[in-house]
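You will see two complexes here that share subunit A, one where it goes with subunit B and one where it goes with subunit C.
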Partner chain A sequence: MMFGSADALVQLAIKSRDPYVAAAVHELATGITKLELEALICGTRRTALAIARWEHTPASVLTALAGVHDEAIELRLDKNPGTSSSVLSGLYEEARSKDKAGLTKLIAQHLNSGTEVLRRIALHANDSECLLALSKNPAANAKVLAELSERASGSDIAVAIHKNIAQNASASAELLTRIFDASDVYTQAAILGHANCLAWLIAKAAASEEVLMMRVLARNRRVSKESLQRYAACEDAGVRAGVAANALTPVALFRHLIKDKSELVRREVASRVDLSEEHIEALSRDDDIWVRQRIARSPTTSLDVLYRLAVDAVADVRRAVARNSMSTVHLLNMLAEDKNAWVRSGVAYQANASQRILMKLADDKDVDVLSGVANNPNTPQSILKELVSSNEADVRRGVILNKSAARNTLLPLLEDPYYLHRVLLVHNPHLQAQDKWSLRDDPDFQVRFSVYRWAANICLKMPDTFLVTK
Partner chain B sequence: MKILVAVKQTAALEEDFEIRDDGLDVDEDFMMYDLNEWDDFSLEEAMKIKESSDTEVEVVVVSVGPDRVDESLRKCLAKGADRAVRVWDGAAEGSDAIVVGRILTEVIKKEAPDMVFAGVQSSDQAYASTGISVASYLNWPHAAVVADLQYKPGDNKAVIRRELEGGMLQEVEINCPAVLTIQLGINKPRYASLRGIKQAATKPIEEVSLADIGLSANDVGAAQSMSRVRRMYIPEKGRATMIEGTISEQAAKIIQIINEFKGA
Partner chain C sequence: MSKILVIAEHRRNDLRPVSLELIGAANGLKKSADDKVLVAVIGSQADAFVPALSVNGVDELVVVKGPSADFDPDVFEASVSALIAAHNPAVVLLPHSVDSLGYASSLASKAGYGFATDVYIVEYQGDELVATRGGYNQKVNVEVDFPGKSTVVLTIRPSVFKPLDGAGSPAVSHMDAPSVQSRSQNKDYVEVGGGNDIDITTVDFIMSIGRGIGEETNVEQFRELADEAGATLCCSRPIADAGWLPKSRQVGQSGKVVGSCKLYVAMGISGSIQHMAGMKHVPTIIAVNTDPGASIFTIAKYGIVADIFDIEEELKAQLAA
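What follows is the complex of A and B.
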């Protein structure tokens, strides 16, 4: 029988005496049973430290561990990305009362730290490392960053803090504008690249001859076409590459850009999806491999050009054709015979590859080719069943990740020697509940945790569900 | 035919750890134990010989250590080792690699294997001397840092390739029995199958006392060791500097540093 209810699942976890299983179902428990689970989780300091550090530990467990009041555990909670805002708030009080600047810095940079805690750090922390960490944290809202900027003004770290704020997504237009004039060119360039930068500031800066600013502005969709034309003639390749990458660049400029002396510029042009046949034709004959590779991968490249690139001397270009979503079965059939395994592998991963091509590639000896066949949803189930017994973990993982792999194909993989494969199977939609539940006593703690967590999530989402299997 | 593989359970450290109050080691709470990485390759090499042989080959893993070491020995059994032996006595605490080598030697004399494999070094202490000290006590031929092995059960010679500086390999013919310390990358260690893990859980681990191998507390431990740890500490931080600034500024500073190193 599978677990019947949330209570039954918690009881099974307690019976298992496994701290990771206890952590998986902790969120479901209340009262005494919750305490019993916590006794398992904190059974030894060593276990408590490991669970406090583990990135998969549920937030409710991290909250419980905060009650242990062990500095080594608190350090791990400050670092754990799953620690909740309320726990971080409590840890901040503790760190502040003990004057632990190192711990405060961790809270200042934590993405889950609440606005109030971050605001208090901005207003009261005296350690420059804490303030610098806070200025980088996108969880700090515009108001907190403004207060931090205000407090830092005139101090030794003002410049460094403003550099970080210029790159912080939460910085407001008003703050960025205020920082702009007093900043060096690096910070000004970062502000011009910020999504919240005001249009008039961009327009004003467009006249600048500073290379750093022009590099940023050349990529910005808010600059005028006139500015783009000026940047296209700039001596600096980075500026011209920006123009080549800008979606608003007028088509008229492509004629020059496709012949640019810098391959960096030509590569950017080759990545565009609005090129004319004439441009594609020219770039497909470029000396630079990466330019040809990008054209070979582009969905706008014509079949004629793709056929020519399919016999390119460079395997990476041929592979790009094999990966192109517009490549036809005929073209793929040709590339499936390529002497280079990396090219054949590209065909094996192709969504357009026919069953016939995939059956042919299934006889290949190369692990990358076989991994592609295993991953491909078009591969016949009979082939997938054979690949399940491959000695190569990458190939078996391909079958697990294959969206078309049926339950019967996947069942033998429940015995896969690689624990990560068994973890993946717990999340596989084609397997039934009893299949996943069969892994509950797995030798690897991560698999056991995944199974119980999966079961706990069912209970959390559908509390009235009574799950029973044979 | 018997191959004995000497293995060790090593400790990896967490990112944040504390030194013990006596200052001689890291607090055990901050250690994560696992089979020594090099020993995974030694065992795999023994398993390859066993599986490709027409004659019966027994692979015995031996370790010196407390109860917790059983977990690593079971891992070896799960991967196909036939037997596992663990030697321990509280008096052995603090033994250096040479004393551990002596303990292993007494087990080897009892087991009488045809070949002995060990890892080049342990990942936690890195003395790289246990295997070589065993060879010395046994007065057997030995080769260190073995990156390739050609050997069939019953052969009185093995051909090995040793990894040297500069990517060079040295091909050596060695008389057998011999002690070989195996280098990483010599093979591709297998994962234990679930069936193997389940079977290993029920297999006995032979616990051997010092008396069983003709040693006493007076032969082992820190007092009998030729080296002793005086203290363990974290040295003062070096001159590393974080490159701060905006992304373009960091890139400019890195270019400047590279140019300075190139003398530009």
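What follows is the complex of A and C.
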């Protein structure tokens, strides 16, 4: 019999005396039952500390733990990525009143910290570590970063702060322009690569002879064709590679780069999706394996070339053909016989692999090949059923991760010795509610937590519906 | 004075690195300057390993001439038994390897020696020898002691103990392996599993990629970069689970512990407890991650808050320059 309602679920959790189960359903409870759950969660200090640190702890539990006012718990809450903005705000007050710079730094870098808290850190924190942490935090908005920049100007850490701001996605065009001139070449290069950098700044910088700037600009889609032309003739291979990678580079330019003396440049050319047959043909015969590998992987490469690369002396090239989304069943059938297991594994994971190929590969001894067969949605259920009893945990996990694995195939895995597998099954869409619920008394706390959390989520999403099954 | 006996392991004419790790472990067990570390190497070509085993920390080297160059469980069991009878060591250290699994338990059980396998910490607590091994699927540390045992046989987990630096000049002696009826025969040598892949537990420079690489098509550019930088490319579990790199390249609790690694560059890896279990001991860890709060930064010597693709491009340009 399964629980009947949110209340019944909470009662079961209380009855279990299990702090992790209590944490899983905490969000559902109110009033006295909530307090009972919290008593379980904080039953021993060790449990409370572990739950405060645990990455899966629900936000509502973290909020409750903040009320305990224990410094060791607070430290863990500051570090926990799930801690909510309101809890962090309270923790900031506490850290500030006790002058705890270490805790303030954790709040300054937390992605859930609210704008107001971050702004106060920008204006009031005196510890340079806190200010540096804040300058890297993408949760700090343009205004906070501008205030921070202003406050840091002229200080010892101004250069470091501006370097971080130049890479912070929230920095505004105005701020980036303001700090550009006074910055060193590294920060300037970062500003030029920033999505908010103004076009006129890019145009102005395009005249620079500084290699670092040219490397960044050569990849920039907002740079002029004339600049790309100049960069294509640059001595530095990194700059020419940038031109080869730039989608705006005209055909006339990369035709010339196909024969570049640096393989770094030719590899970038080989990654393009706008190559002509003639270019592909030339690059598929390149001496560098990574150039050939990229051609073997490209969806624009013709079947003729793919057949030739499928017998390349280098396994990485053959594997790339095996992973190419345009490879045909015939080609894959050929590669399924490859002497190298990593190539065969590439076929086993291929979405185009036929049932027949997968049945052949199911006789392989290599764990990567078998994991691919287990993962592949085209694999017949009969084979998946056999793989369920593999001695290799990786292979059994492949079946669990297989989008087509049917309920009957998966059922024996509810008793898999590896707890991770049982956790994954709780999230599997092909298993029924009663299958998942059967794991509620699992010996592993993570499995029990997952089952109760799954049930709690159903109650949260559909408070008025369901939940009685056999 | 007490003796610690180490049994060296070799395969296909190569001394296995774990042999030198055992010498490191044995030296950690010396209670006084009088204690001696004795290393034995068994096989028809065992003499060939004398130079490689003449290292700091070895007091005496015994070359046991056996009938075959390859491992044979019966010959090894009889030889180690004879060595124990001759030298009366307090502790015998064997590698926790497929070879030792073939005879260690039988050796210990027949003579009633103390015995523990897959040991990763071994020390004296007072006069008491205590070996630590994993229990419950490596979730708990189990401390094993051996009351009343004058000889204890331990199989030691590879890639945990550090070899000692420097050469040595041990006294070398010879003995013949006892003649025994061998019940097995070497027919062929077959490399198991991802046979043609590198053993990541033995390499010293690793670049590791995680879910931050986004798509499978991006894996190859990191392969290129790792090749150019002279690193071995490894990964976190989601990458191996997706079949983007072989399982043998997975670092972590359910993957491998990269015991010999000196430099580990983590690219787009968050630093879960399970991943760190395989690499947190590495002396120099460099982490690249866009999230400044990523746990990996807590163990990194150098942290770079940046996009791995920017770093990859720049490193390649630097290497090409």
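As a convention for this text, the second predicted complex is superposed on the first by the 470 of 470 C-alpha atoms of A that agree within 3 Å, B and C clash if a C-alpha of one lies under 4 Å from a C-alpha of the other, contacts with A are read in each partner's own complex, and residues count from 1 in each chain.
The rule is simple: a residue touches a chain if its C-beta (ideal position, glycine included) is under 8 Å from a C-beta of that chain, and two chains touch if they have at least 3 such contacts.
Quantities reported herein were computed from a predicted structural model and do not represent experimental measurements.
S.K.: Once the two structures are overlaid on subunit A, check if subunit B and subunit C clash or fit side by side.
M.R.: Result for subunit B and subunit C: clash.
S.K.: Touching A:Q167 in the superposition: subunit B (first), subunit C (second), both, neither?
M.R.: A:Q167 contacts both subunit B and subunit C.
S.K.: Could you look at A:L49 and tell me whether it touches subunit B, subunit C, both or neither (first, second, both, neither)?
M.R.: Only subunit B is touched by A:L49; subunit C is not.
S.K.: Contact-wise, after the overlay, does A:A241 reach subunit B, subunit C, both or neither (first, second, both, neither)?
M.R.: Once the two structures are laid over each other on A, A:A241 reaches subunit C alone.
S.K.: Per the contact definition in the header, classify A:Y186: touching subunit B only (first), subunit C only (second), both, or neither.
M.R.: After superposing on A, A:Y186 lies in contact with subunit B but is clear of subunit C.
S.K.: For A:R76, select first, second, both or neither according to whether it touches subunit B, subunit C, the two together, or no partner.
M.R.: In the superposed model, A:R76 contacts subunit B only, not subunit C.
S.K.: Touching A:A320, do we find subunit B (first), subunit C (second), both, or neither?
M.R.: It touches subunit C, and subunit B stays clear.
S.K.: Just checking: does A:Y349 make contact with subunit B only, subunit C only, both, or neither of them? Give me first, second, both or neither.
M.R.: second
S.K.: Would you sort A:E415 into first (subunit B), second (subunit C), both or neither based on which partner it touches?
M.R.: First partner only.
S.K.: Specify the partner with more touching residues on subunit A, choosing between subunit B and subunit C.
M.R.: C
S.K.: After superposition on the shared chain, which partner residues are touched by A:Q293: those of subunit B (first), subunit C (second), both, or neither?
M.R.: second
S.K.: So which bits of subunit A does subunit B touch that subunit C touches too?
M.R.: In the superposed arrangement, which is not itself an observed complex, subunit A uses residues 167, 215, 393, 417-419 for both subunit B and subunit C.
S.K.: With touch defined as at the start, can you tell me which subunit B residues reach subunit A in the complex?
M.R.: 14, 16, 18, 28-30, 32, 190-198, 201, 244-249, 252
S.K.: Report the residues of subunit C in contact with subunit A in the complex, numbered from low to high.
M.R.: Against subunit A, subunit C makes touches at 137, 193-197, 216-217, 220, 223-224, 240-243, 246-248, 254, 272, 291-293, 305-306, 310, 313-314, 316-318, 320-321.
S.K.: Any idea which subunit A residues touch subunit B in the complex?
M.R.: Subunit A reaches subunit B through residues 44-46, 49-50, 53, 72, 75-76, 132, 160, 163, 166-167, 186-187, 189-190, 212, 215, 393, 415-419, 442-443.
S.K.: Where on subunit A does subunit C make contact in their complex?
M.R.: 55, 79, 81, 106, 109-111, 133, 136-137, 164, 167, 193, 215, 219, 236-239, 241-242, 262, 264, 267, 290, 293-294, 297, 316, 320, 323, 340-342, 345-346, 348-349, 366-368, 371-372, 375, 393-394, 397-398, 401, 417-420
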